[in-house]
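Let me begin by presenting the structure, written as structure tokens, before commenting on it.
Just so it is clear, A, B and C label the chains in written order, and each chain counts residues from 1 on its own.
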Amino acid sequence: MLYVELIAQGLIQGSIYALIALGLTLVYGLLRILHVAHAAFFTLGGYVGVMVANQTGSLAAAIVAAMIVAGIGGILVFRLCYQPILHQPPFVPLIASIGLYIAAEELFRIVFGPSGLTYKYAFLQGQVIAFGSLRFKEAEIAVMLGSAAIIGVLSLLQTRTRIGVACQATVSDPQMAESFGISLRKVGDINFFVGSALAAFAGVMVSVLNNMVEPTMGSVPSYKALAIIVLGGLGSVRGTLVAALVLGVVESFGTIYLGHFLDRNAIAFAFLILVLMWRPQGLFARS
Amino acid sequence: MEYEISLATTMAISVLFALSLNLITGFCGQISLGHAAFLGVGAYASGMLAKAGVPFLLTLPLAMLLSGALGIVVGFASLRVRADFLAITTMGVGFLFVGIVRQQDALGGEMGISAIPDTGMSKLAFMLLAVAMAAAAGLLSTYVRRCWMGRVFAAIAEDEDTVRVMGIDVPRFKLTAFALGTALAGLAGGLYAQHLKFIAPDSFGFIESITVLSMVVVGGIGSVVGVSVSAAVLSVLPSWFQVIGDYKLLVYGGLLFLMMRFSPGGMAALVARIFHPDRWGSK
Amino acid sequence: MSALLSVGAITVRFDGVTAISGASFEVKQGELLGLIGPNGAGKTTMLRVITGVVRQSSGTVLLEGRPLDGLPTHLRIRRGLALSQQIVRPFRDMSVIDNVALAAGADKTTSPVKALFRTGRERELKIGHQLLSRLGIERQANESPQIQPMGILKRLELARALALEPRLLLLDEPLAGLNSKEARLLADTITEINRSGTTIILIEHNLGEVLRVCSRLVVLDNGVKIADGEPEAVMNDATVRAAYLGTGAAAQSGGQHAAA
């Protein structure tokens, strides 16, 4: 039963990672940028979520508001921060992005205070019993179902709509797509909007799960998400999803069996380094 | 006077540390987001050895040796993975270092090591030692750039595949850059441990790695003078302006972003652009 | 004349696709050999097998009778190969002369330790200037490659390869991207380099220039060697015409335009 529980916990954590990492993959596929500042939208989502929920009492309103605000923020970051430096060597946008993230985290701390905010209402805090005797929080179930639903809808949009197909084409070969008249800028806007909105959704769900938001809540997921997209082969959406779930499970087992020797982050990165030494292009390299 | 001496020591250690990263990232073009781990290796090695009774001055070369040896191991990773993959791998090395040290009781775990025995040197003498080491690193960097190794490094930084078809053993040169850079970081770590008398895992985490990278980037990747000046200034900025102490990271983050957004060549390029607007080298 | 390079039954497979299958040919000392074939014939892959960038699935490459198989690229270069790449890749942060001098300093860059204790480069600069004037780009010596037109960059790429003092020079489409006058001039330079003693393999799509300067041709098509011999005889070969024009066209037109 312990195994089942560890796998379940790993999958819950993994689906949160997946939501965050998907945005990073969309951005990387399009611009070849490691968008570290992406995690700021996870945090932003949490803050907007708490504030809207506390004002309106509605979690749905909080989720929608968080996703829209973060989505627009994502477009602004794309246009103002990345677009002007795309022609520079890759470390330039990478370091710019790290700088942006650090500054953003500090802004959250300065504006909202270091100790964070909590929910006035209890959302999804009930217990659900599944698989015999395993207990889950409603919020945990919601995270899993929510991310599965969102990712499902996204993949439908991606294959069934014109704009979705255009985005997909651009991500797999930006130059080719541009020569077919697809606007890189428009696809960039969409990718940043969708990616940041997904991160914001994850931010709201995590804040509900922990009943709190704090300035640093994005830092660990941010670095983990980078590890995940690298594991997934950089730019491969399918690879990212699998890598996120695998990492979640590896961590939940690792903390039990290796916890006395390595902390949770070290387990994640030890796994990453081992995989990269074995397959330098990640688990699911695209050709 | 005591305060100024301590400040000067901090500056010298930061300059040494930043120059060590500049050898790897600036000269040889291998990005590292986990360089603080090597400062940590040097600090822990020197601190533990001093506590075991080894004379301070002897702990420094040992710290360099251990740090450089681990640097070569990480360097091997740089032979397997490139660019973005290398950035994330080195970031992983940083997290791995902190994660391992934190769980080891022998290394003081979460609490770190305190009460590192006195060096037997006066504060002034220790400062002079740190300044001398930083100056030596500066001279070494300047020399490296002017010798054939530096020329090969510069070429590798730009296009390692082409260097390979010029008959040059790229892996060995890369490993040399890692060995030199991480050994110098180990030296900086040894001085750091003795300067503060207390070290803990969190002093060598991701933020510290980014801080040193920001010193290099703000100074101008590859520029010895630029990197030295920016490391000296950025390391004491928080202590000079007590007001910004609380906003230290906001300033770091903001500077890093603005520099990359508006002058990717750092201060060195900014200065070059102002004084030699028509020189071809300044982009 | 003995064989400087001999390529024996090379086969290359990527993910189940066969890029080269069982191709063999020899390059004799002092030759200027044209390696030609339609797009996707496997010419560049063959060059990469020789330089060790791509590993063959089977077969062997001998330089002066000694196998190169398994050696990393840089050691093959040290054995006497040099490559001028199809897409020019000068170091853009160095001046034109610095690019050539770096290659000319090969004996100072054999190991990091040696490179650390050598600083002077008068000899390399001298060699560099000689090569630049031989290739007619001495005037650009102290300029940045970033501002040079393609014609100059192609010559820089060649100068840098020559600075390695190769016994066998591999040229991957040196004429691509040049206008017909520039192409003719560079082809003359290549002939001159060959006459002064450097053996050359030339991969080139400009058949007019290839027929004018090469002493022998090897033709690849779909990874298979389909012809090997005197340029005229090769171009009159029915299989070669078919490869270039498509089977139907060759049968109808009699291959009159094969050399166009």
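Rule of thumb we're sticking to: a contact is a pair of C-beta atoms (placed from the backbone, for glycine too) under 8 Å apart; a residue touches a chain by one contact, two chains touch by 3 or more.
This is a predicted model, so every value here is computed, not measured.
Centrality by C-alpha centroid: the chain sitting nearest the overall protein C-alpha mean is B. A centroid comparison over C-alpha atoms places C as the chain most distant from chain A.
Averaged Cα coordinates give chain A a centre that lies 31 Å from the centre of chain B. The centroid of the Cα atoms in chain B and the matching centroid in chain C are 42 Å apart.
Each chain gets one centre point, the mean of its Cα atoms, and the points for chain A and chain C are 48 Å apart. For chain C, no residue reaches two or more other chains under the stated contact definition. The touching residues of chain A, counted against chain B in their complex, run 32, 34, 81, 84-85, 88-107, 110, 223, 226-227, 230, 234, 259-270, 272-273, 276-277, 280-282. Of all the residues in chain B, the ones that touch chain A in their complex are 25, 31, 33, 77, 80-85, 87-89, 91-93, 95-96, 98-100, 102-103, 206-207, 210, 213-214, 217, 247, 249-250, 252-261, 264. For chain B in complex with chain C, the touching residues are 144, 146-149, 151-152, 154-155, 158-159, 161-162, 164-170, 172-173, 176, 280-281.
For chain C in complex with chain B, the touching residues are 51, 72-75, 77-78, 82-83, 85, 89, 91-94, 98, 102-103, 105-106, 108-112, 114-119, 121, 143-144, 146-147, 160, 164.
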